[in-house]
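Naming follows writing order (A, B, C and D), and every chain is counted from residue 1.
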Amino acid sequence: MRVGVHRLSMANPGDVSELRKLIDDKVIDPAEVVASIGKTEGNGGANDFTRALATRAVADLLAAELGITREEAGARAALAWSGGCEGVLSPHMTVFTRTGASGEGGSTGGLAISVQRTRHFLPEEVGRTGEVAAVAAAVTRALGELRVAADEVHYVQVKGPLLTPAGIADAAARGKEVVTTDPNRSKAYARGATALGVAVALGEVAPEQVTEDVIAADMNLYSAVANTSAGGELTDCEVIVFANSPASASPYRIGHGILRDVADVGGVREALRDAGLSFDTDPGEEQRARIAAVFAKAEAPAGGMLRGHRTTMLSDADIGYERHARAALGGVITSVTGDPRIFVSGGTEHQCPPGQAPIAAIVRMG
Amino acid sequence: MRVGVHRLSMANPGDVSELRKLIDDKVIDPAEVVASIGKTEGNGGANDFTRALATRAVADLLAAELGITREEAGARAALAWSGGCEGVLSPHMTVFTRTGASGEGGSTGGLAISVQRTRHFLPEEVGRTGEVAAVAAAVTRALGELRVAADEVHYVQVKGPLLTPAGIADAAARGKEVVTTDPNRSKAYARGATALGVAVALGEVAPEQVTEDVIAADMNLYSAVANTSAGGELTDCEVIVFANSPASASPYRIGHGILRDVADVGGVREALRDAGLSFDTDPGEEQRARIAAVFAKAEAPAGGMLRGHRTTMLSDADIGYERHARAALGGVITSVTGDPRIFVSGGTEHQCPPGQAPIAAIVRMG
Amino acid sequence: MRVGVHRLSMANPGDVSELRKLIDDKVIDPAEVVASIGKTEGNGGANDFTRALATRAVADLLAAELGITREEAGARAALAWSGGCEGVLSPHMTVFTRTGASGEGGSTGGLAISVQRTRHFLPEEVGRTGEVAAVAAAVTRALGELRVAADEVHYVQVKGPLLTPAGIADAAARGKEVVTTDPNRSKAYARGATALGVAVALGEVAPEQVTEDVIAADMNLYSAVANTSAGGELTDCEVIVFANSPASASPYRIGHGILRDVADVGGVREALRDAGLSFDTDPGEEQRARIAAVFAKAEAPAGGMLRGHRTTMLSDADIGYERHARAALGGVITSVTGDPRIFVSGGTEHQCPPGQAPIAAIVRMG
Amino acid sequence: MRVGVHRLSMANPGDVSELRKLIDDKVIDPAEVVASIGKTEGNGGANDFTRALATRAVADLLAAELGITREEAGARAALAWSGGCEGVLSPHMTVFTRTGASGEGGSTGGLAISVQRTRHFLPEEVGRTGEVAAVAAAVTRALGELRVAADEVHYVQVKGPLLTPAGIADAAARGKEVVTTDPNRSKAYARGATALGVAVALGEVAPEQVTEDVIAADMNLYSAVANTSAGGELTDCEVIVFANSPASASPYRIGHGILRDVADVGGVREALRDAGLSFDTDPGEEQRARIAAVFAKAEAPAGGMLRGHRTTMLSDADIGYERHARAALGGVITSVTGDPRIFVSGGTEHQCPPGQAPIAAIVRMG
């Protein structure tokens, strides 16, 4: 298996011109695109429609190239977006291609990727143990396909359903109880359940520890490599597992670290070094050129207090705390990597210990 | 002369409880307070009234302690505020006290401070060469008082008038022409003229280079240590000059650097080292504890392009570009210093070359 | 008793120049100022400090005029502010003076005002039945002082405490349970409890109906004339009762109506007519000049659906729903009254039936 | 000619389900769709991508139904969108169908519509007299096609190009000067030039009055029925002319009025009555049901002063003035019509006298 990593700039959320050019230039075979993870420039909130526009634009392009429908294109490739390019963060997408199966094409011990989907969930299942189990099973399938042990996994991106007003009404009509009747609050359960699914599959949490009452509640249960989001546009979970595998022939390696807070430059360096980059203070120009992608979560500090000092993140009625957090962390990461095309998203339930957040980096081998 | 540096947290823009406690505890003699530079948590725009509230709170406290009026207190101490605590930036004020005159109390070669005021300006003088000359004269007076040469100056904070609708109308009524009839646009002229005044006094720009047409226009003329702002609440300029002086007995030193952009961590380290801190990658805990204050400007990159990549700063209709820039830079500086109580403000006309910005740091001697 | 009503424009939240001029001109006797209700131009959220600035400015002026402290001035006059001047709403304050006691100075059957305060509440009492009872007692005292029956009351403005992080911590330290540990959520309990207090005193709700579990929950219990707010800066409740009284000699009358939604112009006309204005479609110029003040609440429609159509109020992550609602209602009221200096605030728990909101108007007698 | 008017709600900017249903139900023949004018729920600024998403969704649906490409569908039907659903404004689109040519199908003297396109413009032509002339010629062609005189025209919607950074660079590369190098500022020229084109064609302004220097400058030259916008996505102008014509067999009539400011309810009533609705104070339920569509512009008052009172529209750094203005006007119009699906957009250069704005209404005949 050989994984291609293409970080592409976007002039607007509907701009797929760089992807189109790589396809036209035969650099990317559209049939080999398995996933894309990107940042769009909306506000990241409930009324951020830039993700929908970007999904539509990429799916339309792949559909036209492959002679299939937009829906079929969306089912072939996992398209994950996070809205909100605050501070220096630059709108972009990282497109992943995969050629061959595990073990084919030689071995570099490098980057391997597996995309899995769970079954569809009814509204009353969202944010509950059934979803945890289904995600865990999907991650386990990926480990098998990639021929890797849990400790070789460095990043698992999961996108799953949340509770919409329509879903809540549907459950009520059938006499079923949902985990919460507040659509916004359901995000925490939805992100939390899928993160716990990752944790269970990777042995970070024992299956018997996951009862209904711990989801979005006992934050001492967590995965250090999960990065999960929830959206109203899907009813199953898309699971993208990234690992280094002896069955991979890719020229990239992936690594990860933990961000103690949004100003923790140490966590950034940790992820880059874990991916194989060697440097003292900062990576040099040549080393920076080898950084192919960075994926992180940003979180407001507990009580808004960063290292003992008050921030305004949680009291600001004009700008949401996720926007503050992404802006700060994006500056910190760019100060190390030099490239602001970084995937930073919000919401860290069961992803690292409370107040902390995961970061992963993909680096071209030297 | 001995300068005291007190960085104080604020629970809200009217909170002076930490200053009151230091006065009650006899740590600060209110009669020795010469200046305060702080960040408040408004939006930093025309409708940010947190600066006014903070000014009023500090002046009221000093007035009560000294038995004078609020207006007299405001005239005794230069009170400079910048609105906007984005990302991790923490609301605070740094209070400067001064004991004794230059040369009194021994010599450490450390931090010296001089506060000067210019004459009052008519609206038609704002942003023009007369203001440049007056600020230059004020800085020159400060050099004399501090017994320092220009290259020992590391930071000059200037706050001067801008053109308000009332001022524009007043000039029109007297048949005088103002530099611009757009109050918002006048900020650039006002900040630019005072920065050029600093540059002239410090020999960074020759006096004959400063003609009316270069102000806010020829950005290759600049000071590397000026940090200027403009507000509608005053008609003269407050000039605070910070230098290291053989005539100082302070236990602090000041240094400065240049930020190439808002993700330039190198400029942050440069300022800290210039102030006397020695460290490899990052300052350690003990060194961090010696950092008394950091002052910087944040600027959007030209065309919104940071290191060749598009940011959304200039196209975002929800969040102003200064807020994006401050949030990113605040994260970067905090990642080095560990303390988010940093003074970062916007607007860099004639303060460093285009796209770049000044940064200064005060460090307690080891 | 004679009540004076002075609607004063403000150039900024600290501007009390119109009030100062009326005092200087002997139009207002500062010793007779009993209350002020105003709108300031912040965002109306947790980080809106324009209310604090305005309170300080008015209290400082009254203190200087009366030779008392700021705190004493704040205790003499009830100063209520709502942040958020969206759309056409104009920053202003309406100052109320009172001369003589009930029955003194003849009778017009016009406007009477009584300002009452409750005892101070511990955090664990906020939003609970004890607060309901205390507010009810305060309103009952006002009825007695004004010599009016409940149905002569047209508007009761209440400002009470909410739960701050500090208050929640204090209760926890003493082993006491608060109604909610979420400061934002506590607003609903705080506004709801005080509104129910008004309802009980006016006979709109029976005392035995008010149990802990109905507060901020059973919205079919309500007062049609309460307008309540909650803030972290006080621990008791300020209650301002407005009625028409045979014991009043004021040249004004007050009336009220109910707004079915934020576009309900019928409710606006209802309040004006109830206060004594006669007009067909719109009040004419002369009638408009007689409108002295308008006070209303604005509420997002249930589910964001206005008359069957979707609004974006509840899904907008950039602008809070209260701001949307105030902007729309401010336009509607101004289209009738012609003067945008209208008090419109948000949060209608137990103030009119769900989705509806109170509106009151004071009109000079013809 | 028979014009169909279909006001359709949208659950999100990509939602065309109501249009699809009407096509499926044979209520709308997709081949007869000539134009759509709608409001989407973005911020209305440079980073509002909801218009692009809506355009794509409608064009994709028409393309699929007609078996043509998206681009061909966009060329067949003029699709005009304005971003920003503030206050009560409800996201929607009004779809116009046209059956038969002028004079066919009998005569009601009712609504007639003509869609015209100008030639494409080079960047250096945008906002200049050549564009004025081309728009005037397009409107004149429409008058001929509709067989109406100028005074029977009640509403002309024009969407034309603005200057993008790319266009400005292109002109510079060819040594051509553009009207302004500031993309945001170009909106005023672009909207102004197309509005003057309408004014010239309708005899409201004499052709010889339109010189380069009056565009976006002499606001006493205007059309009372133009409603123009500018976007970076097109290089020609789409012109949609609405009139009442003896050659029309439509069951609708159109009328217009002038809004003196955003709280001017009189202008709203004027437009409805001009379209044929008779009512005293407010239209009743039956009359309201006959209102098919309302189109208006919203403008901040000069200096932010509404009827002598200060608004915060022009000083608010959090919410743009167009958003304040639309929110207020949307409330006022809805208070009369009862349906918040109203088209309100911003930017009134040469559209009504300064500070005023056009409003048009389409009403089903009684």
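FYI, contacts are C-beta pairs under 8 Å (C-beta built on N, C-alpha and C of every residue); 3 or more make two chains touch, one makes a residue touch a chain.
Values in this document were obtained by computation on a predicted structure and should not be read as measured data.
*Asks:* Which one, C-D, B-C or A-C, has the same contacts as A-D for more than half of its contact pairs?
*Replies:* B-C
*Asks:* Of the pairs B-C and A-B, which shows more C-beta pairs in contact?
*Replies:* Result: the pair with more contacts is A-B.
*Asks:* Report, in whole Å, the distance between the mean C-alpha point of chain B and the mean C-alpha point of chain D.
*Replies:* Taking the mean C-alpha position of each chain, the two centres sit 47 Å apart.
*Asks:* So what's the Cα centroid distance for chain A and chain B, whole Å?
*Replies:* A distance of 41 Å separates the two centres.
*Asks:* Which residues of chain C are in contact with two or more other chains?
*Replies:* Residues 41, 43, 47, 312, 315-316, 318.
*Asks:* With touch defined as at the start, can you tell me which chain B residues reach chain C in the complex?
*Replies:* 12-14, 41-42, 47, 49-50, 52-53, 56, 318
*Asks:* Given the complex with chain C, which residues does chain A contribute to the contact?
*Replies:* 43-48, 165, 303, 312, 315-318, 320
*Asks:* What part of chain B is in contact with chain A in the complex they form?
*Replies:* Against chain A, the touching part of chain B is residues 9, 11, 41, 43, 85-92, 262-265, 280-282, 306-307, 309-313, 315-316, 318-319, 323-325, 327-332, 334-336, 338-341.
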